[in-house]
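Notes follow once the structure below has been shown.
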Amino acid sequence: MKINKSILLAAIVGLSSFARLAAEPLKIGYSDWPGWVAWEIGIKKGWFKEAGVDVEFVWMDYVKSMEAYAAGKLDAVSVTNGDALVTGATGKPSVCILINDFSNGNDMIVAKGEYKTLKDLKGKTIALEEGFVEHLLLLKGLELNGMAESDITIKNTPTNSTPQVFASGEVDAIGAWQPNSGQALKLVPGSKPVFTSKDVPGLIYDGLFCDRDSVKTRRSDWLKVVKVWEKIAEYLANEDNTDEALAILSERVGVKPAEYEPLLAGTKILSSKEALKAWEKADGLGSIYGSTKVVDDFNVKYKVYEKPADVDSYLDPSLFKEVMDK
Amino acid sequence: MKTQTRSRWWVVRKELDPSQSSILMALSFILPLVIWSVASYGPWWKVAHQVTVSAESPRLQSIYSVGDRLAPSVWKEFSTAIKEDNEEILAARKSGQPQASTARQNKKIVRQIHPIATVNGWLTREQELADDSIRKTWIDLAEGKLKATKEPLTVENLGVVKANAEMLTKAGTDWPTEALLKLLPQSSEEVSRPVYLVPPGVVAVSFWQGITATKPDAGEAGAERKTLLQRYAESWRTIVLGFLLAISVAIPLGLLCGTYDFASKLAEPFVNFFSYMPAPAFGVVLMAIFGLDLGPKIMLVFLGTLPSAILMISKTTRSLDGSLLEAAQTLGANQRQLLTTVVIPGVLPSLYKDLRLLFGTAWTWLVIAELLGFKSGLAEIIDTHGRRFQFDIVYPAILLIGLSGFFMDQILAYLARFFFPWMDQPKKGFLSRFFSGRARILGPAKQPVTSTPEAPTASPS
Amino acid sequence: MIASLSYKDQSPAVKARFDKLKQRPPLLEISSLFKIFDSKAGEIVALKDINLTVHRREFMCVLGQSGCGKSTLIRILAGLETPSSGQVLVDGQPVTGPGRDRGMVFQSYTLFPWLTVKANVMYGPRMAGKDDFTNESEARQWLALVGLDKFENSYPHQLSGGMKQRAAIARALANEPRILLMDEPFGALDPQTRQQMQAYLLQIWKNVDITVFFITHDLDEAVFLSDRILVLDPRPGRVREIVEVPVPRPRSHDQLREPEFLATKAHLETIIHPEDTHAAPVFDKLPIGRMTDVGDDVE
């Protein structure tokens, strides 16, 4: 009970809001996106300890993790490049030091059986989390299909509640990522994805976005984190490890291993070679710079926030490159 | 009681005799249970297919696992898709250009036999990924060395087994490079209830497994490695700390407000206003101030309980019989003595009752509180498993909260008579009534077991 | 018939007693006392120009209908309310608030329920900071005086109404006040207990150096207990008459049928009118029905 008392005391005086000591572990928020669940491999296998870095991974709902980051409770948060801009514009800016993956089908707009394409959803209701990644995906999809946001009605729903909302039959479609979208598909017989991130590969990059000061002051620690990630990516690329990896990943989100396997295909985890290419400055969705720029323009156009962001300040390939050079 | 031939049940504002009361009090729990049972076990639920042998197909959006319950239409789509897959494979073989397949794809097909092999005792549960044993099972089965005792394979599937076993034998220790045939889905017919309607039997078993589990969430999906009881302890910690914090502020403030008009006028209007702002609305703020761990949870229980606690305690204090204060004044008590020797001892029993009620309401904040920041305690189970529609796990957690609140209140009510022997015998709580009533039914000669020990009588102690 | 006897006729013994009484020093002096309450309907005069002197060891009752300000008067004496004007002196000292020199017994039972009977009796001395050893032995004596020595460790809720009021009297006396203010203390008791309590009270009064100021609306009680009766008129509350009771002491309930007693009571009845006289039932127009169609005359 001694610990409780001290926690209580801390709660009363709000000590926790004071500056963290350097000796504290790096606090990293992560949520149920397969590319981030992959951190679990490093955690379970003790690779962080091996690398000599003290990290604490905090499992949270996606939006809550962004809120926690904005409130200064996390040193880094796992988000998409687009949502990092949103969080930066409304809460606290961050900088990406590593790319986990790009979404390759796991972000979906799932519609009831009677709608064959995104166009059929004209005038219908779609449940998704407003202002965040699935919203972006939907808007992009509408644009590609020559439609406008006003053609559909959006119901703001937390992503991990979308399966239930979809199952209730009150909406015609949902926007969600795996495993939520998969659950939705399973719950509503006949439903299918009408638009996925596979249709726009590279629109959604998923990365580790860190507190900018922390990257400066604790660069050596962050380098170690990047190194562990490269080890995880390498591990996942080897098919011999698939069974073990699936067991670890699926357990984290409460899905059966066999059901989790397809999710790995929908999330393109980047090998170090692929990552190096994505870090190259270029236009278009093949580069995280190009992708982030596209998303930024998009966000401004759709008034997610007012002013364009300084895209370059959100991206810092130097740590990744330093690890690669060694 | 012999003269009373027939007790009447419906009399306006008249208490029933103890045996009648006990029967009704038992019924008040039994009736909902009966309704629940009838609803779950009644003959009105459609039949669904519970998968016993599964398969995967690119034709399907979803992956169905053994144990899933499928509506007839989905089942049809599922079986048809696999059948078509097999037909394609056979057609390709016939044409002399067999489908190629990776080792992993074939491995997965072969592993699909594991669940039914477990049921029939050919493999153990742990051998899920033991590919060599699984391959041996296929071959043994094809050779007729194994016989299904519990769950037979269909004739079609035995054909698939034979065909695949041949290829597996041919490949030796390697995996065939040609696509194997898939086992056709099999299912048993099960009652298909809505997911939220979990029969009482299942909940009872799950509850029992939960509270007796010594290993953290054994065999359960989800990485949160704690037992139900550990979570339960977490919930208690949150609620007790939040509640203690709230009352340690509310009791002094409430006493002041109830005693001095000055304090009342200064504090109560705002507290009253504050009580209309729902505590959960401050969740985000609490996380920003107190972090993500225990802090915001305790503070939410604190914030939720505090305003009503202050208002309730001040009202209780104000309702203290004024003539007691006047009597004390005529006996020479000064202002300070009035507070310490009359107000405080005078309100204690009502205060205790208030705290009991407040503790009850504190439970209502618990679930919201535990979802702030890092989820914890019973609410984590309710939230996480609720989203996965695993209501057989959700209900025991909810039940545990309900039972805790209920019994805590009953116990505190019962203890009051020991704390305040100078009170008139308090109206007996449900528990003591129930048990004393039952004691009377079971053994008429026996003294009611829970009757109050007589408060100290005339004899000097 | 004894109709000729007036309540003013006092036997020589009684007369001598009153002469002696008036020789004693005044203990309570009330002069030109007014109490005015503000209400929505305007000012309400609760007490108007009350003047009264009560002598040491006198037993004084206050009688009057409801609304005559009896309770206001005793509360002013206790210091629980302040007069609008006028003065109250106890033992020559002006009353400014509640004080130990005036003990009070209320109609509602005001024993502290969380204290034993003994602790209740010890309450006053404790507040005055006296040492508990003395307090306890004195409390036992007071309880013996009111016949509750066997109940010293009981809690109030275990006592009957009469016992509670006896304990309340002991509690008031333990503070050694100069005057005992009693606000309809026996009002809630049943008639038998009430008579017992009256006898008890007179016993205590006889044995203790105390002046009693007793409010009641019961004529028998007033005549039985008091030396003098202050009769108040209602709305505004003012002194109607101060009656000297000609019933000799020591008193017993057998005296209830004696001529002095009856004469005094008859007089009090004439000066205390019941409030409404206009509610007498009208019998000439009865509702027609089985119940009012009376055949034979019972008179």
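Going in written order, the chains are labelled A, B and C, and every chain counts its residues from 1.
Here is the rule we go by: a contact is a pair of C-beta atoms (placed from the backbone, for glycine too) under 8 Å apart; a residue touches a chain by one contact, two chains touch by 3 or more.
These numbers were taken from a predicted model, which means no experiment stands behind them.
Put simply, the chain nearest the middle, going by average C-alpha positions, is B. The most distant chain from chain C is A, comparing centres defined as mean Cα coordinates. Between chain A and chain C, the centres computed from C-alpha atoms are 85 Å apart. If you average the CA atoms of chain A and of chain B, the two centres end up 31 Å from each other. Note on chain placement: the centre of chain B and the centre of chain C lie 65 Å apart, centres being C-alpha means. In chain A, no residue reaches two or more other chains under the touch definition. If you check the complex, the residues on chain B that touch chain A are 56, 61-65, 71, 73-74, 77, 103-104, 108, 129, 221-223, 237, 241, 245, 284, 287-295, 298-299, 373-374, 384-385, 387-389. Considering their complex, residues 78-80, 97-100, 102-104, 106, 108, 110, 112-116, 123-124, 127-128, 150-158, 171-172, 175, 181 of chain C touch chain B.
Residues of chain B that touch chain C in their complex: 321, 323-324, 326-334, 337, 341-342, 345-346, 348, 420-424, 455-461.
Here chain A touches chain B in the complex through residues 4, 7-8, 10-12, 14, 16-17, 40, 58-60, 64, 67-68, 71-73, 160-161, 163-164, 182-183, 185-187, 189-193, 239, 242-243, 250-256, 258-259, 261-262, going by the rule given at the top.
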